[in-house]
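What follows is chain A paired twice: with chain B in the first complex and chain C in the second.
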Partner chain A sequence: MSAAKKQPGKPTSDKDNLPCSYARFGPDEPLKLDCGVDLLNLTIAYNTHGTLNADKSNAIMICHALTGDQFVASEHPITGRAGWWQYVVGPGKPIDTDRFFVICTNVLGSCMGTSGPETVNPETGKPYGLEFPVFTIADMVRAQVMLLDHLEIPDLLCVAGGSMGGMQALEWAAKYPDRVCSAIPIAAAAKHSAQNIAFHELGRQAIFADPDWHGGAYALKGTVPSKGLAVARMAAHITYLSEPALHNKFGRNLQDRDKPTFGFEADFQVESYLRYQGSTFVDRFDANAYLYLTRAMDYFDLSTEYGGNLANAFRDTPTRFCVISFTSDWLFPTSENRAIVEALNAVAANVSFVEIESDKGHDSFLLDVPEMFAAMTGFIDAAAAPRNIPQRAA
Partner chain B sequence: MAEAPPQAHLHRVDFVVIADMIAKGARVLDVGCNDGGLLKLLSEECNVDGRGMELSQRGVNECVARGLSVVQGDADSDLEQYPDQAFDYVILSQTIQATHRPRYVIEQMLRIGRQAIVSFPNFGHWRIRLYIALQGRMPKNAALPLEWYETPNIHFCTIKDFVALCDVSEVRIEEQIALNAQGRRVHLGGGSRVANLFAEQAVFRLTR
Partner chain C sequence: MSAAKKQPGKPTSDKDNLPCSYARFGPDEPLKLDCGVDLLNLTIAYNTHGTLNADKSNAIMICHALTGDQFVASEHPITGRAGWWQYVVGPGKPIDTDRFFVICTNVLGSCMGTSGPETVNPETGKPYGLEFPVFTIADMVRAQVMLLDHLEIPDLLCVAGGSMGGMQALEWAAKYPDRVCSAIPIAAAAKHSAQNIAFHELGRQAIFADPDWHGGAYALKGTVPSKGLAVARMAAHITYLSEPALHNKFGRNLQDRDKPTFGFEADFQVESYLRYQGSTFVDRFDANAYLYLTRAMDYFDLSTEYGGNLANAFRDTPTRFCVISFTSDWLFPTSENRAIVEALNAVAANVSFVEIESDKGHDSFLLDVPEMFAAMTGFIDAAAAPRNIPQRAA
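So, the complex of A and B:
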C-alpha cells in the first residue's frame, strides 16, 4: 500500500485526492438541512463500479454504515484492506457489477472526502469542527439525491445498505418512492432505540473526555483525540458482535502469557483484540465525524413525520422491499426489522423478509453469509427483470 | 400453527386447480406458501402480483432466493397486519389442517382478500374411514407419515365439515372441486356425499 497513513496532527487535505470521484456543488446549490441551515459548497466523494446502461435503468445506490465509506468494492486507501462489502459487490456477486452500475458515496458529515466537520469552512478558512451543522439521515439521503441528479440518473434499481445504511435505504424509499424500484434495508431499524442512543452517548462522552479533543477544535491545536475515539470504537465494537461470537473467538484465553499478570495489561485476548480495534480505527476516522454521525442515527425515527405511524411512510409505495435481519444481532434485532415489515404489510406493500441464522451479531451483514447472498441475488434479479437488464450469467 | 411437512411434488394437483381459478394479473397472497412452488406457478402462468407468508424461515429464505416476495409469518396471528381487501385472492393450500384457529384464519382471509381459495386433504375419504374402522388408530400413510403426537396437522376435516364451517361463518362457496387419488375431478353428483367419500382432497373458492 503506497498511500500515506494519516499522521496525528497532519493536515487532511489529502482527503481531496483519494482514489475516488468527487462531485462539487457551488454556493448556488445549497444542501438544505433539516436543522434549517443551507450547507454551501457541498462536496460528495463517491465511487462507482460497473457501467450505466443506455436506459439508465441499472443503477444501485449502496449506503454505508456508521464508520463505512465509499470504498465498498475497492481497496481502502488508508488501511489497504479490501472493499467493506467485497462479498456482496463485484463481478458475479449478488450486486453484480457486470450488470449493475453501483454508486457508493461517502455520507454527508463523514471523513473520507465528503463535506463534514473535518472540511475547511469557506467562511473562516479553518476546519468546521463543531461549527459544522448537525445533520440527519434524511440530509445524507438529500446529498445522495443531489449526486444522482448530478449524474443525470432518473431512478435507482435498488438502494441497499446495512445498519445506518439500512436507515438511509428506508429514508430513500419513504421520501423518493418514484426513484426507488427496490430497497434492501439490512440489520436496520426505522428508529434508533433508547439502548442504541445510550451506547452512542457513551462513545461521545469518551471523545469529549479526551483532553486532546479541545472542544472539537483539535485540528487547530495539532492534536488528535485518539484515546477518546479508540474507547468509543471499543465500546461500539462490542455491540457489533455477540456473546457467542466473542466466546468462540476468544473465550477466556490469555494473550501471549500463561497466567494473569496481576496488573492491567491486556491479559485476555479479547482485551488485546479490542485495543487493536480501537487503535486502528483512529488511523482512519475523525472523532468529530463520529460525533455527528452517531447523532444523525440517534435522531432517526422515520415515523415522526408520518404521525407516529410508520406504515404511513410507505402508503401506496411502488417500491419492492427485502428486509434482512440476523438472529444474533442485538443492536438492530429481528424485532426492529420485523416492525418495518409489519408497517409495510399494513399498506400491503411488496415486501420480503428474511431472518438469517448467524452467531456473528450485527456485523453479520459485512461477513461471508451465503444465505444473505442468496436472498439478495434472488430479490435483485427479480427487481431487475422488468428493467431491460440482461440476466445474470449462469 | 406448526411447520408444514415438506411437499412431495412441486406441481401438486391442487396447484393446477387453483391456477385455473385465478384471474390473470391478480393480486394474490399465498398463506403457508412453503418453498414458493404455487407462487412461482401463478406468476409464470397467471402473471399475478404474488406475495407469500410462510412459517418456516427456511421456506421463506428459499422463496426469496427464487425472487418471490415472501415474509416469515404465522397464519394464526400475522394476517392481522394486512389491510382490508388488499388482495384479489388469498390462498391457503394444504395448510388449514395445520392452523390452530381454522375459522379465524378463513375469516381473516376474506377480510384481506376479495376471494379466498382453500385446498385441504379430505379426512372423509373412504380409505381413511376404513383405516380407522379396521385399525382403530389414527391413519398413517404416504401423505400422512407422522404419528398423531408428532404431526403438525392438528385440525383435519372432511369436505362436509368444511362446508359446515362455511355455513357457520356465513361464507359463500363460489366453487368447490373435489379430486380423487389420481388428481381427477370427482363429480359431485348427488350432493357432496359422494365427494366426501371418494375425494382425497378438495379446493374451495369462497367469498363473503
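So, the complex of A and C:
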C-alpha cells in the first residue's frame, strides 16, 4: 500500500508526490470555467507513455472515466493494480506506445493530484471541499488543452476514451477540431440521460446522507464519508454491468455456505461482490470528487451550445471518428452512440461505427474485448499513416 | 394526516387502530416459519371489499408488492391517497367488488398492522427490530392461509398480485393448488435475479449506513433512519420505471430554472422527483420492514424445493394461470415471466400469457393500462363462471 493511501484527517499533500508528472499553472494562467469562475493555481497530474516524435505528430490523449485516473498503463499507487487500460495501451497494443506518445491526465476535479475539492484552496489555506467551483466536461477538456500547450504539442493524432472519457473525446472534437486528427468515443453519449442523472443523484444523496460528510468539510473534521461513498459506488457498479453478466458471474450462488442464513449477512455472492466493490473504492477515491464529477456528467449535453442540434457541433469537422458501443451496455446504450453517429453523418463527417456484441455491459470498454482492439488498431493506424509515423511492427 | 403517522420514539401501537380488520392468533397458533422459528401471537391486518357469497366461492386474495399494503381499494390512512390498485379493484372493475369478495392482507413483516419488526415482542416488551425472525415469501403465504382458515373460506376464486405480489401468487398456486382456482402473477418472477438482489443489497446498505438505524433498534433510541431509507427508496424507484418513461416524463428538463446553477441543488426535474419519492416514502414505511421484505424477495426461488425444476412446482395443477408482463419492465422482464409460462406449459397447465406493450416499466401494473384490465377481466370471469357467481353487469 502506497504512502498515498488516504487516512482520516491526513493532509492531502501526498497527492503531490504520486508516481506521475505534474504541470503547475500560476495565478496568471487561470482556467476559465463555464460557471464563470477563474480557477487559479491549476495543477494537472498526468502520465505519459512512449516518446513524442520530432514532428510532434504522434500524441494521443486518453481521457478517463468517472473513477479512472492517469494510471492508464502503469501500476496504481494506491491499489497496486495494473493500469486501467492495460489491454489497450502499451507496446504493440492498439494504442501502441512503441510508436505513439500517450498522455493521460487526471481530470479536473478528480482526486489523484489534479486540482479538485481535496486540493488546498490558496485563499483559505484549507481544502476546498464544496468551495471548489462546479465544473463541466468542457472545463476538463480546457484543462487538457492547457497541458497540451504547456507541452508545446500542436495537435493530437487521436483522443480516445470510454464513458465520461468518451464525453471528453466528443468535446475535444467539437471545440478543437483543428487539434484533433481522430477521435474514439467509446460507450459514451452526447448528453446524459434522465435515468443516468437519476443514478448519479442517488449516489450523491447517499454521500450527503453520511454524517461523516460534514457538508463536504470532512477533511477538516478528520472524518471520511466512507459509508455514503461505498453505497454510491455500489449503485454505480450495478449500472456498469449487465443483467446477463451478473447472472453468469454470480447467479443466485451463495457465498461460502450451503444454505441461506436467514439473516442480513452477504448470503449471496453478488452481495459479497458489491460490498467489496464499495469498500475498496473508498480507499482510493474522494467523496467530494465523486460529487463534482457526476455533476459534470449530468450537465453534459453537447448540443446545447449548438442550438440543440448535435450535428452543428461537428459541421465541417476535419476529424475522423470511430464510435464504439456494446450491445449489453444499458448505461450508455447503443442508441446513444448511434445518435452521435447520426449527427456526424448529417454533416458528412468521416465516421466508423462499431457496435460490439458483448454481454459484459458498460464496463466492456475496460475488458479484454478483441473486437474493440481490432477496431481501434485499424482506425488509429489509418489516422497515423499520413502523419509520418512508422507502421506497426508486423 | 392520520394519527398513524410515524413519529420518532412514538410507540407503534397506533398500527393497531388502522381503518382495517385484524385477525389475532394466540400463542397456541404459531406461524411456522421457514427459518425454523415459530412466530407466536401473529396479527394480520387486512381489508376486505365486497361480500362473501353463500357458497364461499367468490373470494379473491390480492397480494401486495414490496411497499404496498392492505389499502388496495380504500384511502391510505397515512398518505390520504386512493387505494393502490384503484384501477383494478372496485365495483365493475376487473376485480369486481359487486360480485367478488376481495381480501388483501398487509403481508407478514410489513409495517401496516401485521406482525413485523415494528411490533412489540411479547417476550421483551420492546419492538422486535432485528430480533424479528427472517421470513420468506412462503411464510407470507402461510400467514394468508391462516387468515383464510380463520375466515372459514375453503378456497380462492383467484389469487392475484404484481411484483412481490406475483411471487406470492405463484407460491399460493404451487403449495395450495386445491385452494387456488386461478392465479394472476403480474410482472413477477419465479426467482429473484442477481441484479435484483444487488439492487436490494444496495438499498439495505444505505439503511445500515444511517447512524439513526442503530442496528435496527431505532424505535428504542427515538430516531428514524430516514436518510438511509430515502436513499434505498430512490434506488428502487429508478428500477420501477423505464428509461423511456424517465426520458418522456423528465428528459433533461430543469426544475423551476432556466439554466443550471452549477451546484448540487435539484437542477433537473428528475432529481427533484427522486428526492420527493425518497422523502415521502419515509413517512409511511418502516426501515426494518424494508430490510426484511427485500430479503424475502431475494430468497425467493420457487424451483429450489422442486429439485431445481420449476415445472415440478405445478405438476398436475388444477389452477388456471394468467401470466402478465410488460415490455419495458427491466426489473422483472418478460423473459422471467416467460420462464413461468414455459414451466406451466411443460406440465400442460392451463395458462394464458399476456405481454403488454408499455413504456412505463415495472410499475405499469399499478397504472391505468386497459390491456391489462381486459386480460384480467376475461380471465377472472371465465374462472368465475363455473362457481355459481353472477355474470358481470353488461
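Please note the rule applied: the second predicted complex is superposed on the first by the 390 of 394 C-alpha atoms of A that agree within 3 Å, B and C clash if a C-alpha of one lies under 4 Å from a C-alpha of the other, contacts with A are read in each partner's own complex, and residues count from 1 in each chain.
Simple rule for what comes next: a contact is a pair of C-beta atoms (placed from the backbone, for glycine too) under 8 Å apart; a residue touches a chain by one contact, two chains touch by 3 or more.
These numbers were taken from a predicted model, which means no experiment stands behind them.
Novice: Report for A:375: first if it touches chain B alone, second if chain C alone, otherwise both or neither.
Specialist: In the superposed model, A:375 contacts chain B only, not chain C.
Novice: Between chain B and chain C, whom does A:353 touch in the aligned arrangement: first, second, both, or neither?
Specialist: In the superposed model, A:353 contacts chain B only, not chain C.
Novice: According to the stated criteria, A:123 is in contact with first (chain B), second (chain C), both, or neither; which is it?
Specialist: Neither partner.
Novice: Chain B or chain C: which reaches more residues on chain A?
Specialist: Per-residue touch count on chain A favours C.
Novice: Touching A:197 in the superposition: chain B (first), chain C (second), both, neither?
Specialist: In the superposition, A:197 touches chain C alone.
Novice: Would you check which partner chain A:322 touches, where first means chain B only, second means chain C only, and both and neither mean what they say?
Specialist: In the superposition, A:322 contacts chain B only.
Novice: Between chain B (first) and chain C (second), which, if any, makes contact with A:345: first, second, both or neither?
Specialist: A:345 sits against chain B, while chain C stays out of touch.
Novice: Quick check on my understanding: which residues of chain A belong to both its chain B contact set and its chain C contact set?
Specialist: In the superposed arrangement, which is not itself an observed complex, chain A uses no residue for both chain B and chain C.
Novice: Which residues of chain A touch chain B in their complex?
Specialist: Per the touch definition, chain A meets chain B at residues 320, 322, 341-342, 345-348, 350-357, 371, 374-375, 377-379, 381-382, 385.
Novice: What does chain B use to touch chain A in their complex?
Specialist: Listed in rising order, the residues are 27, 49, 51, 57, 60-61, 63-72, 78, 81-83, 86-87.
Novice: Show me the residue ranges of chain C that touch chain A in the complex, using the header's touch definition.
Specialist: 34-35, 130, 133-134, 191-195, 197-199, 201-202, 204-206, 208-211, 227-228, 230-231, 234-235, 238, 241, 243, 246-247, 249-252, 260, 262-264, 266-268, 270-271, 274-275, 278, 291, 295, 298-299, 301, 330, 333
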